[in-house]
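Take a look at the structure set out below.
A, B, C and D label the chains in the order they appear, each numbered from 1.
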Amino acid sequence: MTFGTKSKGVYAIAATPFLEDGSIDFNSVDSLTDFYEQSGCTGITILGIMGEAPKLEPDESRAIIKRVVSRAKVPVIVGVSAPGFAAMRSLAKSAMDMGAAGVMIAPTPALKTDDQIVNYFASAVEAIGDDVPWVLQDYPLTLNVVMANSVIAKIMSNHPSCLMLKHEDWPGLEKISKLRAMQAAGELREFSILCGNGGMFLDFEPERGADGAMTGYGFPDMLTELVGLFAADKRDEAHDLFDAHLPLIRYEQQLGVGLAVRKHVLKRRGVIASDAQRKPAQMLTPKARAEVDYLLERLAKKDARAALKA
Amino acid sequence: MTFGTKSKGVYAIAATPFLEDGSIDFNSVDSLTDFYEQSGCTGITILGIMGEAPKLEPDESRAIIKRVVSRAKVPVIVGVSAPGFAAMRSLAKSAMDMGAAGVMIAPTPALKTDDQIVNYFASAVEAIGDDVPWVLQDYPLTLNVVMANSVIAKIMSNHPSCLMLKHEDWPGLEKISKLRAMQAAGELREFSILCGNGGMFLDFEPERGADGAMTGYGFPDMLTELVGLFAADKRDEAHDLFDAHLPLIRYEQQLGVGLAVRKHVLKRRGVIASDAQRKPAQMLTPKARAEVDYLLERLAKKDARAALKA
Amino acid sequence: MTFGTKSKGVYAIAATPFLEDGSIDFNSVDSLTDFYEQSGCTGITILGIMGEAPKLEPDESRAIIKRVVSRAKVPVIVGVSAPGFAAMRSLAKSAMDMGAAGVMIAPTPALKTDDQIVNYFASAVEAIGDDVPWVLQDYPLTLNVVMANSVIAKIMSNHPSCLMLKHEDWPGLEKISKLRAMQAAGELREFSILCGNGGMFLDFEPERGADGAMTGYGFPDMLTELVGLFAADKRDEAHDLFDAHLPLIRYEQQLGVGLAVRKHVLKRRGVIASDAQRKPAQMLTPKARAEVDYLLERLAKKDARAALKA
Amino acid sequence: MTFGTKSKGVYAIAATPFLEDGSIDFNSVDSLTDFYEQSGCTGITILGIMGEAPKLEPDESRAIIKRVVSRAKVPVIVGVSAPGFAAMRSLAKSAMDMGAAGVMIAPTPALKTDDQIVNYFASAVEAIGDDVPWVLQDYPLTLNVVMANSVIAKIMSNHPSCLMLKHEDWPGLEKISKLRAMQAAGELREFSILCGNGGMFLDFEPERGADGAMTGYGFPDMLTELVGLFAADKRDEAHDLFDAHLPLIRYEQQLGVGLAVRKHVLKRRGVIASDAQRKPAQMLTPKARAEVDYLLERLAKKDARAALKA
């Protein structure tokens, strides 16, 4: 399984597990890596926004990369977005040296015009080197940078080393359709599209042309099953599965509190030892935790994977 | 049924129906008003953000107010948010003169500090008059103004004429809990809380302390039923109903395209004659329309109200 | 003197004079109009952001347009920026019917991508009619919409009825040079460029290719003299004059408080009866007023026009 | 001379000198450090926004801190703003270990409500340790975070280790007056206020209560002279000096291009060897360079320090 313009399936956005004292829980890093692979994920993305990357020291980031890359049998993508190109360059170099399959880059929030965005990625590619495969992250809801299809097309044309779009515009279904139409018309080269936003529209994105998902929902095994059902043209079954999970997917898709839900679910499933976050952390209140548990309980009636272990 | 600090149930955020040529479809205004009432709505809110208010001439706004107020038996709230206090004052005066129960005011997007927000509403109340009942709209996702609970509390303390909070922060469940806790502790006077955001969290908001919903989802009859189930402590039944609708609720909750979904559903349900919008309009593509229809079809298996008439 | 793609000189951004009770001071509207003409202004722009336009009722806006248009012998431009195209259309129609030379339109703050900006102005032109001459306002500091030169070029190409750019990007000198270079290379049609930002860079803008200024600095007579000195190639004299005024220009160029400075200066010069503003108003504190008066006093040693009358 | 709540004078915001090949020019770091001291600066701030800090590798940042701290006889403040508290903690620790007098922290741009800002600085102080002296940077123009006086007061009350406010709100004169009034009334403890924004209002800030300036204008010797004139109550002389420099101060106060002006001036004055910037760099065009040189030429007639050496 390789990382390329034809990549399909589910790339898990990995959480970063901590112990209660705030130190990195490397045992849970291992079990989480194994869990993603056993769930059928075709890749793992680490040090993304949801991975609490800015809360890590540079040495810690490198330690996590080393741990995951040396253990995983699937391609590992490393988030290298940074406020300056110097940090981006050195982290990308470290990641590739340790065996990462590629890196992921999001636009810096200050970008305004189409040209500023295009130029930013030109500088980023110059910084990391044009031989380093990378993923373009399109995430306006958090980053406040809106990339028109024409901008994405220009970046893809300028940089053959960009192999994949992490799509998380919202609303975003038409964006997928239009990019695929441009490719079908021969106006745009091939690249993979994996969708984020917690999977909130994964019941329609594959039919629009997405190759799968790149997100951190606590049930990656459900995500891979869902993408498989679409690949097998089992539309109704796919929607049945999706609809069963949607209440939880929706609950998790809350900025800030979403990571707490995700870690809580992973802990309940026995994958990580603690749901601790480094500061600044937005933890679940008792009421919120009870709500999530109630959703899990309801989900378990339709999907045995949600049966609580603890 | 009156509009006050104890208001409960569902206030429908009314769409504004147009004919294909862009003129106001007053027959559909009537049928929509009737439909909201028959659906069990305890109030109707017109000229909100979703009501295409900025696309109307002042005379048209007044004509719609007159039409709805004179027909409806439930309280009618009129959105009067405006870039200046002069327009806000005159529209509020017109609305109250015609018999509206109150007005709704959102913060202007330029506000930054807590004090700026508090002062803005002081000026707004001075403009409309402190005898005019009003709803405070808290909608950060679109307006980019984040109101802390302490700010909401201060506005409520300063202005007894504010009777209701339209809550659509996201994430927002803890906000409801905290405001209700402040009231329980005697630190904050009573007011009604109705929730927006298309109903995306209406399966938990009532238990957190919300009095109901103020939103424009195409199945207001489902919203009133849902709020009723919570009032009757039928939690599981409420979730069953909610979960059946969530795929469509989620699809509708897309900025821009959401209004098109809403008008499409209302048209399919035979409530309005046309799904036309005034420019700038974001219409459904054929693919999107087919997706909505597929969701309606699936929903109809669980809720007969979704059976397509057309 | 007409309004067109070859317009030169100074278009005054007119303040809106109020009496102490908040009503419009039409006598001062007259004297202000006369003052701008006597100062050598080649045009007057009313109802701009600095003209407190959002604080006016629609009828008041129309009364001001009528008053100024019927009195002025120079072209009058009317700001018609509005949150919706309906209000823009009707105000533009009223203005043109009363004899305005054209209208001015700024982008709505929500615009993000290049295409969104281009499309916004296409809709605006459709709303006001493609026979109405207009000025494109480029004001990122306040409106948060950054227009690349390619975007301005596209708008100008799409809409022959756009005759002028009100330039107030900051930094903005290169923007003027590049637009003029595009025109020199035959890639872009002719249009007038008048600069805003309170005149803060008017010592270099004419040499970069600007045709003059459109701003509301309290000494329009100095602005016209300055533009004249540049036209006569008297560079050093122009800078001497500019540098004498820069401390005051700089003081006036403070968001919010700038209008108070401007009205204070106009009142001290005997042009308007009162420096009252409608709410929300940011008035000068006694300390600030003393600072402005001190700057006027210092300026008066170099420019007799600054000698205080009061 | 120490860094404390009574600090006065001018803290230079240091540029970071590079050689043409992009490597750090440590000889120029030395000469720049000497120059700031010889100019009468009472402190030096390194690795600020204008110091191209995000373009440096962590090791490079530490090398610069070491070089400046070991050479300077005045207190050195180190900018440690970072997207995460881990990086902030480790950089602050390194800086203090090497002998820095303190650190400077700006709010992260995502902060919205008053409480979010207050809490952010609580977390920052927890990260760096409450024994590390620090400067609070208030810079809304670039960071988009507006701090009310009540917020600044709360941060100062919460954290005795905050010794100084870097004030660069705009408009900002009233802010200084109000903070000083709160202190005079005994509502707020003592702290130093040094003003930024390139010195654009340094002709009035000392009289409002500022203790001096913290900015990187290419003539720090003029800034110290100016602050000295105010301390000696020579108001008119102070304004004469300020006004002579204002055209250049104003030109330098352009976001993005300002750093290029600053480095150009420092190079012309013989202080640094090259005006090279690391990417992304906004360099002076030939026209802009000629404009700056013309302003220097004009300035030299009034202030011999501006006479060009090259």
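Side notes on the structure shown:
Methods note: a residue touches a chain if its C-beta (ideal position, glycine included) is under 8 Å from a C-beta of that chain, and two chains touch if they have at least 3 such contacts.
All values reported here derive from a predicted model rather than from experimental measurement.
When the partners of subunit A are compared with those of subunit D, the chains appearing in both lists are B, C. Interface note: subunit B and subunit C, two copies of one sequence, contact each other through mostly matching residue numbers (shared numbers exceed half of all numbers used). Across the assembly, the mean Cα position most removed from that of subunit A is the one of C. Between subunit C and subunit D the centroid-to-centroid distance comes to 33 Å (mean Cα coordinates, whole Å).
Inter-chain spacing, taken between the CA centroids of subunit B and subunit C, is 39 Å. One finds 48 Å separating the Cα centroids of subunit B and subunit D.
Counting partners per residue, subunit A has no residue that reaches two or more other chains.
Within the complex, the subunit B residues that touch subunit D are 112-116, 140, 146-148, 150-151.
For subunit D in complex with subunit A, the touching residues are 53-58, 60, 82-87, 90, 109, 119-120, 123, 126-127, 278-280. Against subunit B, the residues of subunit A that register as touching in their complex are 170-171, 173-174, 177, 200-201, 203-204, 208, 239, 242-243, 246-247, 250, 254-257, 285, 287-288, 291, 298.
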